[in-house]
Amino acid sequence: MPMTEPWIIVGKGPAGLLAASLLLEQGHRVVVVAKGQGSLPLWSGALDFYSWDTKQHPVKAPYDHADHLSGLSLNREQWQAGWEDWRRILQKVGVQTQVSPDHENLLSPTLSGVLVPRYLVPEWQYAVTDPEPVTVVSWDGILDLDLHLWAERYQQHTKMAAKTIQRPGPQGWTARWTPLHWAGYLDSESGRRWLADDLEAALDDTFDQCPVLVPQIIGIRHTEEILSDLRVRLGRPVKEIPLIAPCLGGVRIAERWKEYLLGHGVRFVADEVVGVDGFGVQLATGGALSGRVVLATGGVLGGGFRLQWDRTVINTATGQSIAWSGKPEDLSCIGVSDANSLWGVVGRSAGGWDGDRHGGAGHVLGTVLAWVNAMHEEVYCAAR
Amino acid sequence: MLHDDACLKCSLCITACPVVRVDPLFAGPKAYGPEWWRAHEARDAFDTDPHVDDCTFCQLCEAACPADVPVAHLIAQHKDHHRKKRPQLKRFRDFILSHPHWIGRLPFSPRKVSAVVAKMAQMSSHADFPVADRTKFHSGRPYGENIPTVGLFVDCFNRSYGGEVVAAAERVISRLGYQAVLMPSQPHCCGAAAYASGLVDEAQRIAQDSAHALRETPVETLLTLNATCDGTLRDEWPKYFSLSLPGTRVLPWTDWVLETATADFWSQFEETNEAVWVHTTCRGKVAQGEGAMEEFVKLANGQPLPLGIACCGAAGSYAFKVEHEDAAIQLGIKAKEAVHRQGHQAEAMIVDSGTCALHLAQYTGLFTMHPALWLGRRLMQAQSLDKKAEVSNLCE
Amino acid sequence: MRMKWGKWLMVVVIGAGATGLGVAWDLMLRGVPVAVLDQGDLGHGTSGRFHGLLHSGARYVLTDAVAARQCQTENLRLRQVAAPYIESTGGLFAASPDVSENLVQNWLRGCHDAKIPVAPASPVQGMNAQWKRIYEVNDGVINGYQLLQALARGIRQGGGQILTHRRVVGARPMKGKIHTIVMEGPDGLEEMRADAVVNAAGPWAGHVASLWSDPLPLTLSRGIMLLFSHRQTPKVINRLDVPGDGDILVPHHHISIWGTTDTETDSPKAPTPSHAEVAHLMERGLAMFPDMGEWRVLRSFSGVRPLYRAPGNLARETRHISRDFVVLDHPLKGAFSVIGGKWTTYRLMAEQVADRVAAYLHYATPCQTGAVPLPLANAVGVGADPLLCECESVSKSQLRAFEGLSLSDLRTRTWFGMGPCQGTFCGHRVMQWRSHQIGEEAASKELAAFREERERGMCAALWGDNAVEWLLQRNIRFQSLGESQRADD
């Protein structure tokens, strides 16, 4: 049922791309207007949902705590269906994910060896329901992953053994390599050969059934292929531990997602939205686009809001100033009550939810779901 | 530059950079742009890095920045400061390549540069060079008084090597009920080539001349046939050169056609579903985004196949320089891989830059062209079909 | 408890700031054995919390001619003896349109009287175009931490001791003279024999003097400063007026510091700036630099000035207390206190203190600090190893030169974590390196304290890209790194 009026999604972070994909599936025409890259490459690619309880312990069963996001008024079944939506879209985009068989959080180690709960985890990333002994291999110059510390924390956290192997980098490596340099090299034929040879030489028979964990540097385009080749060659699974931003997991997802949308006729306009009304958006370069608008401009991080020294906050898309208590912890939910019936707001916390501390994918999904479900009748507005 | 100090260190610029993925010695946009700049500002004689020249100036880093840091333009400053450390021969070569409007006037245009010449001129003996296209593109028709007029910016490349493209663009414009004034009347460069090589002052001079020439014929709308010139004229001139074309709206020819053409226009194209690869150049992505050419192909009843690469490695004169051979080849191979990955579904590709088309043709083996040429050809097909239909109607 | 130090004559200096280290360096050059104690690291107090301005004295010509003259003399002298740690930026004084011509003429006369060279100048980029009366003087920038380290190096090379992280908790007399200093360090209580003690504890000088029960006429005043991530101007910029709030902009290496305020406070501990104070500073700043609201702010911090309230000075505002200094001796023989003064005049203060101490100990050697240059910093090669801190270019080999120091002390030595990202991308890397020396648990605690300190400064200036950075930092800390404990949890 193609419609003449397109949907204009402002922002291309996870919320924007998810909203665009769901609309596309329903046969709508979609235009994404965004300045910048979107925040996906700051993510490892694993999607968390209500990761921590108030005492900072990982929580395994996410739905029991959904009341903390009560502004979304979605029940357990709706949530689960939403996750399945997201999972399906990632699959279409070309990213396979793992979920726990009982629909609880999986546990996945961070680069500092601490286990954190994640709901939806791309296949390349290591995640389990029950911790097991592991072998971790890293290479010189991958600054963020300190094997000694990682193993110490992993053992403390899981009571499981972790064997560590530190290797020198390949020929041509320089001290200024970022994960993107590694990825470019490992995506190439020579890089793949080097990696397989080096891992084979590094591993011995200890824990020979256990998975081999490596830092998240295994290419961008050929990751899954490389990892499955390694599994065959080494006889044990090889999985990644996500690193700090720039995260290759997010880069892989962002690139494939954008390609998928482009291939399905979505247009990306590189511009900044400086005004919104019932008919569409005004652009910084002077043009305008008409259509129904969804603001997925993210929070302060995504550029949706600009804080000023006098404590006023400007919604960059509408140009309007909005209220902020001045308390840093309230930043995650500014602007939600700003939602006007003329446009939707997705990807923002539904009030009092500290996404940075407790996990942010939950409110991305919650708000997108709520809005997509309600889109024909009424536009989602959480804080009212 | 207001936001040159706003870097968040988030590294999104590095994720957008095509060069870091193929060049192990290129430290990346964050290091060469904002980090270098901050150190340079604090200590005047801060060291430059020779590998800053490996940057293609695709500007994807700058477009990716969430804090509006002019990353690419800081890198251009870095290149400019590094200029004096380059060998004499390369400096001379860069100066010549910074004036593409001179090169177009050369009486020769070989497809390849011989090894001897390559070495002498520090040029790549691997890259394909453009061959002159003497197609006469000006219709020669006098401008009509009552016909709405648009300016058509004839860039250095198309002026010398893309006559057919300009002619096709003109033909479509007139089919849409407008007439095109070709601008500027004499060859002028927008300054992009010099800026990309880090000749910042020279770029300013070249752009100034060009702006002067363009202001001679005031138009309300100026259409561009190359994404780099498009971004330079519209976005970089006011921001970095303090130049403007008052009262003139600059936009890509493709976008103007999308805006102007009615359903009637599009309905003349037969539903052949002819597949065609689409590559929006890096500079096109920065200036306009992506998906416009795909929409364009779809409306003309073709089937667009987005290529899905960031920068092809041509980057103006980048691939012509001997020191960039390796990076340009690696990036070209990525384009080939992209075609291969998606199954070799079409023989032709449309791309909004002449040098990129040349480079992509070399690496993918596809027939590459500007969307104007593609549409122009479909238009001719449609017209001949129309004629056939007329003829058959008459026969009946 | 056992006697650990000091079999010979010994002068103990309390406070490893500019004054304390300056006194120790001075005494050492006269041949007097010295030891410097500090409750924190070098520059733990006011010396590590200033704007970095090397005064020409022009700021004080309207209100304090003595201070102005002292500043000018010391300014020229420090350029001689501490050249590697001084940046000769020059400074501008710009008068707003509201300032009377009369005041400007008085100021010019004052500069002339104080022998401060003045020349008309043109404005720098970004300055309010209405501010047309602009003059240049020989202001400069002091690289405070580096200068302190140079002093410390000189003292150590000459055989003096510097004991950081030791809090003085007692002073024991014998026959009316100072005899022993008791301090609390990382290994518990320690004692040190002292033939004389110099209380150069800055804002803590009152606490120290109370150990020998002699209250000091000390008034504390706090000043707020704002840090911008970039070097906004090539020169120091001052407001040409009677000294007030928000009237100095100092380009300090990569960054710029905008200050300051002046309000009385009762605690020597530097407080977190309030929003009202920061807003006040911004309002003052915008008058001079209309774009200041767009500058990339990094953080806000405060410092506490120890001011000497002369008998009879009943000024209600701390601003009207002179920036002059005073050296006092106490009924307890051999105990001296120095209060007041400014960074720029630290050498002069040190000289006068050392004169008194030397006289008390019957040392006849005169002061040499006006002629002997400070030792150079050890060159630490950046090397080919990767940068842990990209903002300030700090590599692992640089950290190795300071092995054994805590995360927060490493920060002030190497400057890691001080740039635009405020430790977002390097805090955990340095912590990892540190954990190899002290173990995971202790290193995690140091990281938490480091985060807390950085966060406090950032949140005091939470706008623009600094707010974005702060959110990014939280995201990375809690999501990517799994840091779940906060120092205050």
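The chains carry the letters A, B and C, assigned in the order they are written, with residues numbered from 1 in each.
Here is the rule we use: a contact is a pair of C-beta atoms (placed from the backbone, for glycine too) under 8 Å apart; a residue touches a chain by one contact, two chains touch by 3 or more.
Nothing here was measured: the structure is a model prediction, and the numbers come from that model.
**Student:** If we define chain centres by averaging CA atoms, which chain lands farthest from chain C? Would you check?
**Tutor:** Using the mean of the C-alpha atoms as each chain's centre, the farthest one from chain C is B.
**Student:** A-C versus B-C: which has more C-beta pairs touching?
**Tutor:** A-C
**Student:** Kindly work out which chain lies most centrally, taking the average of its C-alpha atoms as its position.
**Tutor:** Taking the mean of all protein C-alpha atoms as reference, the closest chain is A.
**Student:** Report the inter-centroid distance (CA atoms only) between chain A and chain B in whole Å.
**Tutor:** 33
**Student:** How many angstrom between the C-alpha centroids of chain C and chain B?
**Tutor:** Computed from C-alpha means, the inter-chain centre distance equals 54 Å.
**Student:** Quick check: how many Å separate the C-alpha centres of chain A and chain C?
**Tutor:** 43
**Student:** Which chain B residues sit where two or more other chains touch them?
**Tutor:** Correct list: 10, 31, 66.
**Student:** Residues of chain A that touch two or more other chains: which are they?
**Tutor:** Within chain A, residues 42, 176, 245, 301, 303 contact more than one other chain.
**Student:** Give me the residue numbers in chain C that touch at least two other chains, ranges are fine.
**Tutor:** Chain C, residues with two or more chain partners: 425, 464, 468, 472.
**Student:** Flag every residue of chain C that touches chain B in the complex, lowest number first.
**Tutor:** Answer in residue numbers: 228-231, 253-254, 291, 294-296, 390-391, 393, 419-421, 424-425, 464-465, 468-469, 472.
**Student:** Chain C touches which residues of chain A in the complex?
**Tutor:** Touch residues, chain A against chain C: 42-44, 48, 52, 56, 110-112, 114-116, 141, 143-144, 146, 148-149, 152-153, 156, 175-176, 242-245, 247, 299-301, 303, 306-311, 326, 328, 331, 356-360.
**Student:** Write out the stretch or stretches of chain B touching chain C in their complex.
**Tutor:** 2-10, 30-31, 35, 38-39, 41-42, 66-67
**Student:** Which part of chain B faces chain A closely enough to touch in the complex?
**Tutor:** Going by the criterion above, the answer is residues 10-12, 14-17, 20-22, 24-25, 27-28, 31, 63-66, 234-235, 249, 285-292, 294-295, 298, 305-306, 308, 330, 337, 341.
**Student:** For chain C, which residues are in contact with chain A within the complex?
**Tutor:** 275, 278-279, 282, 293, 297, 384-388, 425, 428-429, 432-433, 435-436, 440, 459, 461-464, 467-468, 470-472, 474-485, 489
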